[in-house]
Every structure is written in C-alpha cells, then in structure tokens.
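Structure provided below as structure tokens; questions to follow.
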C-alpha cells in the first residue's frame, strides 16, 4: 500500500484572535502544532496529549476544544481564540486580571487553558456558583494551586461581570 | 494475563500427542494463527499470529520454542514476537498436560502471557478477555480436530 | 504518544461515497467524526491508516429526530448537541442530563454519539443508558442497511458486531412512556466511570410499575439489562419497590457479570452494583412521590 | 491593601514596606497573556528533535540492536545506541554514577531509554523509532521491596556502583550481594534498650505508594555546543548547578564550559532535581553538531522519575503519663532501577522520623533498595511523608490506648523553642505549640465532631539542607532600578517574586523596578538547589545581603557628599535621606562615578558550612506544619470525603502571604493525591497506568469544602526578615490526619495508601465480619 509521503495538504482560511489567517496544512496536522509551530502562538501547551488535562484548550467559534487532539482542518472557516487573544492590547481581560489578583497563577503551564475554559464558562453562565465552576473545571488540571484560588478568581470575575460585585 | 482450562477429549493420549505435533492441523486450531513451520525438528517453530483487540489489529511473527517434552504426558512451549507497526511485544508460555481418562484423555491447558508496550498497558482489560476467548476457541477446534 | 503519521482526509457528502471509499481502501481507511478516540489510537501508534473518511458532511447524520414514537439520534450528533436538544429534553430527559456529564466539556463539544457507541469502551455512560431505552442501532453498508439491538451490538470491551464495511448511522431510542420515573447514577474515582445504573419505572394508572427497566454498565465487559429484577418489580407499587429495595438490589447485583480491572475488583463492583441499584430505587421512589431526593454521594453523579 | 493572610508581623527595623505584602507576581503578566516561555517552547535555528526507543521489559539483556531500517527514514540524522556514545562518560547520577545515558548491555526498568533517534522533526523521529528493532533476552526482575530484599533475590545492579559527585554522600554504604545500595543509621540516648522502661509499647508497619510528581510540563531540554566547545543546555531543572557538575564530569570539560539556562518551569515538585535529560541531549548535540531538543510526553515522565515508595516499621514507647520515651524505626525505601538522590532521601526522611516531639532514646535505620521500576527521586517532602504516615498513625493509636486526646498527647511531647533536636544540629527555631493550638482551634477540635464526621490531626518536622551555599549579586543601575542575579528557579512557588520583594525592601525602591534575571550559570551566581523549601531562606538571605552591600555603598558615598555620618542616613523612596538631607540614587551614582553611567554591585554569600550535625551540616531552619482533617465516609462505598482541612505552618514570616497560601493549598491537594487517589500500578514489571485516564490526579472537585491554610509568623527564622522555609511541610500531615480521622470515625485503621474506596470498603466489611 502506498505510504503517504506527500500528505494531501488543505488550504485553511480562518481567523485567529481576530486576525484573518490563510495557510496550507497537511491533513494530519493538529491545531495545537499549527498554532505553536506555524503561527508562533506558544500559549497553548502540550501536556497530557489525550484530551484530559486542558492545558491545550483553545476556543473554536467560542467552544472550548482540546487543540492537542483536534485536526487543524476542522478550524477552516472558523474563529479560533487563544490566550494571546484575550487581552485587548495592554488592557487585560477581567479574567486575566482576576487570576493575578487572586493568586490563581503559579507555574503558569495550565493558565492558558484555565483562562479559556473560564471564558467559555462565563460566556455561557455569566455568574456561575462555585459548584458550577468546579464541575466545569473537571477537564482542567492544575498541580500547583490546589484550585481554591482558581475557583475564587472565576467566581469573583463572574460576579463582577454580572454586575453583582 | 493467565488462562487455565481443562478439556475432555474423545481420543486416547497417544492419538492426542500425535495431533499436537501435527503442525498444519495445529495451525488450524490456534485462533489467529495464519502460518507455522518447523525451524528445528521438535524444538523451534516460526509462526505468524494475527489478532484483533477492538479496533486494533495485531500481526506478529512468533518465535516458538518447545521447552518441555514428556511423550503423551506433557508439552510446554515458549513463544515471543514483536509487531513493529504498533510496537507491541508479546511473550507467552503454554503448558499442556495430558492424562488418560475413561477411554479418552483430559488436556489441561495453562497459558500465561504478557503483551508489552502501549497496547499492553492501555488494552489491559480487553487482552485478558481476548486470551480467554482464544483458549476456549482453541479447545473447541482441538476437540473437533480430535474427532475428525 | 507519537506524532500523527501522515494520512489523507476524505470528506464525502453521501453514505454511498463513504461506502465506496471503504470498499476501495478497506483497512487502510478509518471512519472519523469527532476523533476523540480515533486520534488517540493513531497518536499512540496502535492504529495506522492512510486515510480518514470524515462523516461530518454526510447530510442528516447529525440530526436528532422523532420517528413514530421513537427518537433517532444521528451518529455524528455531538454530546453537546444531545445535551441541549429540546426534543430529547422533552422525550428522553435523562439522555440530555447524562450527556452533560460525559468526559469533559471539550470532549462534549467534539465527540459524537456514534463514535462513543462504536468504540464501545466498557467504561462509558451512553451505552448503559441507551440499553435501558431499548436502543437499536442502524448499520449501513453498500450491501444494505440492518438494525441491531444495542444488547447484541456490543460483544465485549471495544468489540462490536459492526463489520469493517459498515457505517453506524444512528441509534433509535424508545422513549419511556409518560408517567415513567427514572434516574441515572454514575460512580467512580477515575476519569471514566466505574459504574453506571439506569433505572426507569413506568407507573400505570393503578399505581403499579409496568414495566421497570434496569441497566447496569461499566462493571462488566458490556452493559447489561437485569431481567430478573424487571420481572420482580413488575406489578408492584413504587412504595413496595422502595420497601424491598435492598432485596431487589441484591438480586440484581448477583445476576450481573463483573470483571476486575484498574477500577476495582469483581466483588467490589458487584457490591457497588447492589448499593447503587438500591440508591437508584430510593431516588426513583422519591421522585415518584414528587419529592426532590437531591441525593448526594461522594464520587457520584445523580441525573 | 491586597487580600491575603495578614501575618501577625513582628516589626523589624521600621515598618516593612514590601515584605509581608501580597504583591503581584513579577511573572504573572507573561503567564496570563501566554507570553511566558518554557523550555518546551524553545526553538533554535537548525534544531533537531529526539525520540527515545524504550525497553518494554523490566529487566533484560540487550542481545541485538538493528537500527538499519530506522536510519533510512527521510529526515533522520542519527540513530544512537549506547555503543555510539563515544567521548563521554556514559554514566551519571548524584549519589552513584549508576545511570547510563542509554542502556548498556542490560535494561533495568520498563521504559528505560535504549536508543535515541535524532531527526529534522518529531514526526520523522517517531516513525524511525518504530523501525528500530531491539532483541532482548528477559532476565528475572524484582519489582517490589519484598522481592528485592528476599534472600538470593536477582540483583538489579551486579557491578560495584561508582561513587557520584557529591562529597556528602561519599560515605555511601551499599550492602554487597544485595539490592541495598545505601543504609542510614541514627541513634540517640540508650536507643532500643530504653523500651524496657516503657509503660506502653506500640509497633506497626505502614506502606507508602509509588506516586508521580505529574508536573504539568513534562521534562524537556535543549542542548547546543558552539565552535569554542562550550555546551549550553536550556533545561527544565531545579538545580542548574548540580547538572553543570554532572555534565562537566561527563564531557570532561571545566565547569566554565558548561552553561545551564533555566527559563520558567511548568512545575517541578522535586522531579526536576539533578540530571535527567541533560546528559542525553548534551551527548546527541555533540554527535550531530546541531542543537537538539527532547521534550518528554506525560507517559514518559512516569518512566523518568517518581516518589520512592516505602515500607516503615515504627515502634514507640511511652511513659504512663503519655510522654514519649523511645522510638525505633526500620524504613525500606524503593529507589527503583537507579539510585538518583535516593540515598539522601532515606537519610533526610528517617532523621526526623520522630517528628517535632522530644524522644530521649532513638534507634533509626533505613535502606535504599533497588528494584526494576522507574527510578525514584526527590519529591516534595523528601522521605518525610513516608515516615510521618507511619509515626503519626502509631502516635494516634497510642493516644487511644492511653485514653489521651490526640492533640493533648502531641502537645505534651512537643519540642520547645530553643531545645536540641539532635546533638550538633540547630536548636528548634519555632514555637510549635502555637501552630498546634491554631489548627485545633480552627477545626474546633474541643467541640467534638458531629456523629457522622471524623477528625484527625498530624504534625511533621523536616530539616532542610546543610551544609548549603547560596550566592547572589544585586546591581543598582543609574536610573535607580535594580537587577537581582540569583539562581533560585521559578517553578510556580514564587521564588522570583520573593527575591524581588526582598531586594526592593532593602533598597527602598518599588518592586516593579527590580528585575530578577533568568537563572543561567554563566550569569547568575552559584546556588545549590531550588528544593527543600530553602530558596526564600537561603537564596533570599543572600539577596538581602547583596542588597545591603549596595545600601552600604549608597550610604557611604552619600555620607561623603552630604558630610553627614553614614549612621545618621537611611534609604527612603530611592534616595539617601538624613534629618534634612536627601540625595536620590542617580545623584549618588553621579557622585561616585563622575558621570551618568556606572552601577553599584553588591554581593551576598550564605554558606553555613559543615557542623557536627548527624547529616554533616546543621539545618538552616526547621520546617514544621500541622494538619487537621474533618471527614465523612460513605460506609457503603468506602469513599472518603474531606469536608474540612486546616493546615498551619510555622513559617517565621510570609514574604508574600498570598503566595504562601497558594503554595500550601497546592501542597494539601497534592497530599490528598497520595492519600485518596494516586498510585502507580505495576504488574510483573510493566507499568499499567501511566496516563491521566488511569492515574487519578486531584481535580477541582477534590477540593475540601473548607480549606484553610494559615501561618504562624514569629519572625524567628534564619531567613530574611525572620522567614523560614515553607511549601513542603503542609503536604506531609495530610495522609496521617485523614487516616487518623478515618480510624476515629469508623474504628478501621488502614496501613496502606491511597485510602481508595475499595480499600476502605474491604476494611469496613472485615470489621463488620468481626474478629
């Protein structure tokens, strides 16, 4: 059987952090590798590589996905948001501010995934209860903080966003 | 994984013993065994085994070495092989003990094996089950062959 | 984990095209929808293929539709879609509720019902719940279409009756009639569930249960219905069920096949089946009486 | 004022401006914006990628290596077995140089690297790796302590182990002909003889499981040699200076020719101490003449390092009044296939086996035992969790037998402030009773738990490293900003922020004007290691001294210019001020250098050196923490839920309270991991659960409903502003506190971790079945 040495390549047209991007990728390219190695967006990290830990979370049309196990071709025509796209220039997103304020950042390797999952949660449920945050973060592991400050930061951000600070 | 079975067969130990050494008929009895040939008479054999564990296809050459021979009483062998495509290393030990029993014979099968590499770890549960199914199938085919 | 080896991606727009591709490439091709299991097998190097056949552009394969009293979930319907489906919320509320607890939110956005069922991981929720909904799977191939009951579809861990040339196109559920009270409980410490219990009691006008449906999953090679339990429960009032919950649960537990693995030993799984069938009965009884049991147990999801 | 625990700060010289405040982390902005760079993100021009071919066998002889097919794969630059590693010492290891870069003649654990494939990209490397054909001849393996210690057991290492580089381990005592590669003994008073006078003697054996650090960033390293024959390694390591020693020895070059650069770490927890990947990437970079990158997968980290599992027999003797009279301990630690720093772990962990209590008569013995499993290495607590699990459980049983309240029994045995722990070692430097009282108060110990709740308490004591050395340089620039050069590695614990706070406090400039350089052995001065909770105390004091050196220079120059004695001047808001005078730093530098440039350089060295202490040097500080747990048990499933957990640590001073809190909350959750959830499972030498689906790392839902991490701050530490080390202590009491709570609530005493639902269920069933 022919070993595919010249993989069929697909041309993609998508937006990444609000910017239009067009590039050709082989069919087997993973979104995580395209973001990191082709577009230089190193914020999303490869950790467990099996969709469990969440360190590679990015949003595709607002939905959180595991970029480590998501073919880049699936992002064609869609809007991808990575952590690099959260801030507006130097003005941080409220979640980024809340993470710093509450001490929810330590080694930082899970932080990108946590921020984007939290953003997806707040987009869906503007002021979630701590229990809802804990349930939603089932797919985001952190080995440093013990989660207390992450939950506090997200709940506080939700409350502030929901105007009930 | 470890599978032990006891099998009553219609043929006396002598006939069973001859059957066990009949390579082509043994190939037919061992599920997934597609070929086998003698490398060194009564000592070493080369076989090829294919198995499907869920969606995963395993196909590997087996180096079979006979380790114990007690005519009409006991046959023990060791088999090892590697499927480079999926990086699975298989190591098996099979001991067959034969006793005469009311005209026929009783075959006690003791198969112990390990699948090493990623498949061995991830497929841990499924492999034990597949091994049991295979030994049962072997027993059924052997009983059929013995009757024939 | 090794990198993905190169493959081509086909995106057929009809079942016939899929069939043709399967016929042409056979074992060198793999069906692909969400990829939540397939891509992991490819990355682990346990599977090698030259092409992926993407099912997501085959029209209608992701729809959730009502069809003369049954509900059909298209194979490429995502868990997230199932979770939010108004039709399912109305006809099979438990299905929408359980879908919300599959894996994590990212897998739910990408993974599909068909992929989950075809992979047949013994530690999963959908097959157990669907078994209690007398699910029937539709398998399409160029030779024609056949329908297989879920109980016959799953042969063992990761093994189903689907032939290599067949595509799972959908699963048909028989919603429980009005007046059915139900609960799904899933227990386990690990990433995947160690135990799943689906209990549905249809209460007739005379207050008697006719019938009861009980499915237990994750503890054995495949999800299992509990016919003895269902016979014992039939004709009794819910109060009576609650009264005999311990004995009924014990009987159900003794009947299930359990196998030891990293999640626990066979006898522990049998005893957990006993515990959670009883708890399911108690919850169903409370719900039948209009109470909200809001039962909470550690490492347990109650839907 | 930012939220965070208010230490009941003791005023040092004048109110502290920056130390003691929960200032914003200096590395927070780059981390929340995704700009933070880790070794795994590094790309160098011409960089090649490495994939390792690993042994599927736990113990086997290497019969034949066929790399022919692999070298044919397009993009492959080299396929390397140990035979191809010329021109370097192929063995490394801090205690014994027993670990080969690539397996030599024999593989000693499943997953051991055998062949390295170097290629243009990871895809080609992986494809070639699958084509490498290695023929093995399986050898009998020992994969548990029982098997390894059985008489006549197969030996993991047959040859005499070569001594490693670190002098203090030169007294290594392997037991020839056995799998024991080191032994440690410690006696005080009349040793075991004193048991004869004891009113009550309790003895039991406890086991601690093999668990994984599970840093979110698996190990990674990039190496490159330049034309001048200098090696630079960008490594995810906690001690660049130890790695530098090992590589200099390995390639036989002067230390100055090896440069280790450590950007941010994605977690470490001890798993990134001492050489791990640096030897292989260094060797491959030299062979190929190209930069080489190796980034492990999470599964491979399980086959690189783990915590040493242990079996501890503990025996305690009490007087009638409940005073500890004698203690005896025999601890076997499973160090896996290679010793790594295991020999030091068995010493450190056993030395403080008796915890923070006064025990006049002690006999302690521990063994480091080889098995054919992933090598054990340093992991948060460094042997103390393994011992405390046994001792604090036996202590709780004693409280029951003596009908003493468990808190009271501990209180009456606590060592007092200033008391001697062991002859020649530092006296106790904390008022431990305050921590115990605060923990008991916070969990409302005296009010008694509700019927369905169990409470347990546990304490711990750990010595840090002695002898030890930390050096630092502070440079004050002409614009009154400053750069701190120190080699404390930032792995999430907040070391970089702490160093900035200390320098900013001494130099009276804003934290935002202090820049802490990336650890780089060509730039930042010597620091022994970032582990053992020592950075704030030792590196912190070196930074404090270096900043004070700059301060004295400022005062001296200003004194000359202002004609005011230096003693009547002080620093305030970036200027030297006297009663009425004020000279801003730029002007002081202008005065000193006669021009707009120049900088003042200060140096700090902290090196307490050797002492008569049993481990070769006195501990610079004692780390002590208390844990109190309140649990509920679902007796039908055996599942334990920690409803409330209180941790109190005696830290002297929180330099950054919010960071201390986050560190201890993380320590408690990591402790809950080995207490309830985590265990690496082997079956006849094969590791079965090296992934997150089958190895359960704590998640947000495992967070106790109430988790309080509090601190006793009496400014009585040897560190800057009275600080002591923290971050390891709070992990240790979790297992015994939960185990004791389980015993109080259900009467079931489990001696094996983790306390999984099935284990608790089985024990409850046995209890119901009765004696």
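Each chain carries a letter (A, B, C and D) given by its place in the written order, and its residues are counted from 1.
Methods note: a residue touches a chain if its C-beta (ideal position, glycine included) is under 8 Å from a C-beta of that chain, and two chains touch if they have at least 3 such contacts.
Keep in mind the model is a prediction, meaning the values are calculated, not measured.
Two chains share more touching C-beta pairs than any other pair, namely A-D. One simple way to say how far apart two chains are is to compare their mean CA positions; for chain B and chain C this gives 35 Å. The mean-CA centres of chain B and chain D are about 49 angstrom from one another, to the nearest whole unit.
Here the spacing of chain C and chain D, counted between their Cα centres, is 44 Å. With each centre defined as the average position of its C-alpha atoms, the distance from chain A to chain B rounds to 50 Å.
For chain A, the set of residues that touch two or more other chains comprises 5, 49-50, 52, 138, 140. Residue positions 1, 4-6, 45, 191, 262 of chain C each touch two or more of the other chains.
The set of chain B residues touching two or more other chains comprises 85, 87, 122, 124.
The set of touching chain pairs reads A-C, A-D, B-C, B-D, C-D, using the touch definition from the header.
Note for the complex: chain A touches chain D at residues 5, 36-37, 41-50, 52-53, 55, 82-84, 86-87, 92, 96, 99-112, 115, 133-135, 137-138, 140-151. For chain D in complex with chain B, the residues that touch the partner chain are 56-57, 110, 130-131, 133, 138, 683-684, 686-691.
Those residues of chain D that touch chain C in the complex are listed here as 51, 122-123, 126-127, 129-130, 297-299, 632, 634, 636-637, 639-641, 676-677, 681, 688-689, 692-694, 696, 756-758, 761-762. Per the touch definition, chain C reaches chain D in the complex via residues 1-6, 45, 187, 189-192, 262, 264-265, 268, 271-272, 275, 297-300.
Within the complex formed with chain A, the chain D residues making contact are 2-4, 22, 24-25, 27-38, 40-41, 43, 74, 213-218, 264-267, 269, 295, 297-298, 491-494, 658-659, 661-670, 691-693, 697, 699-701, 703, 707.
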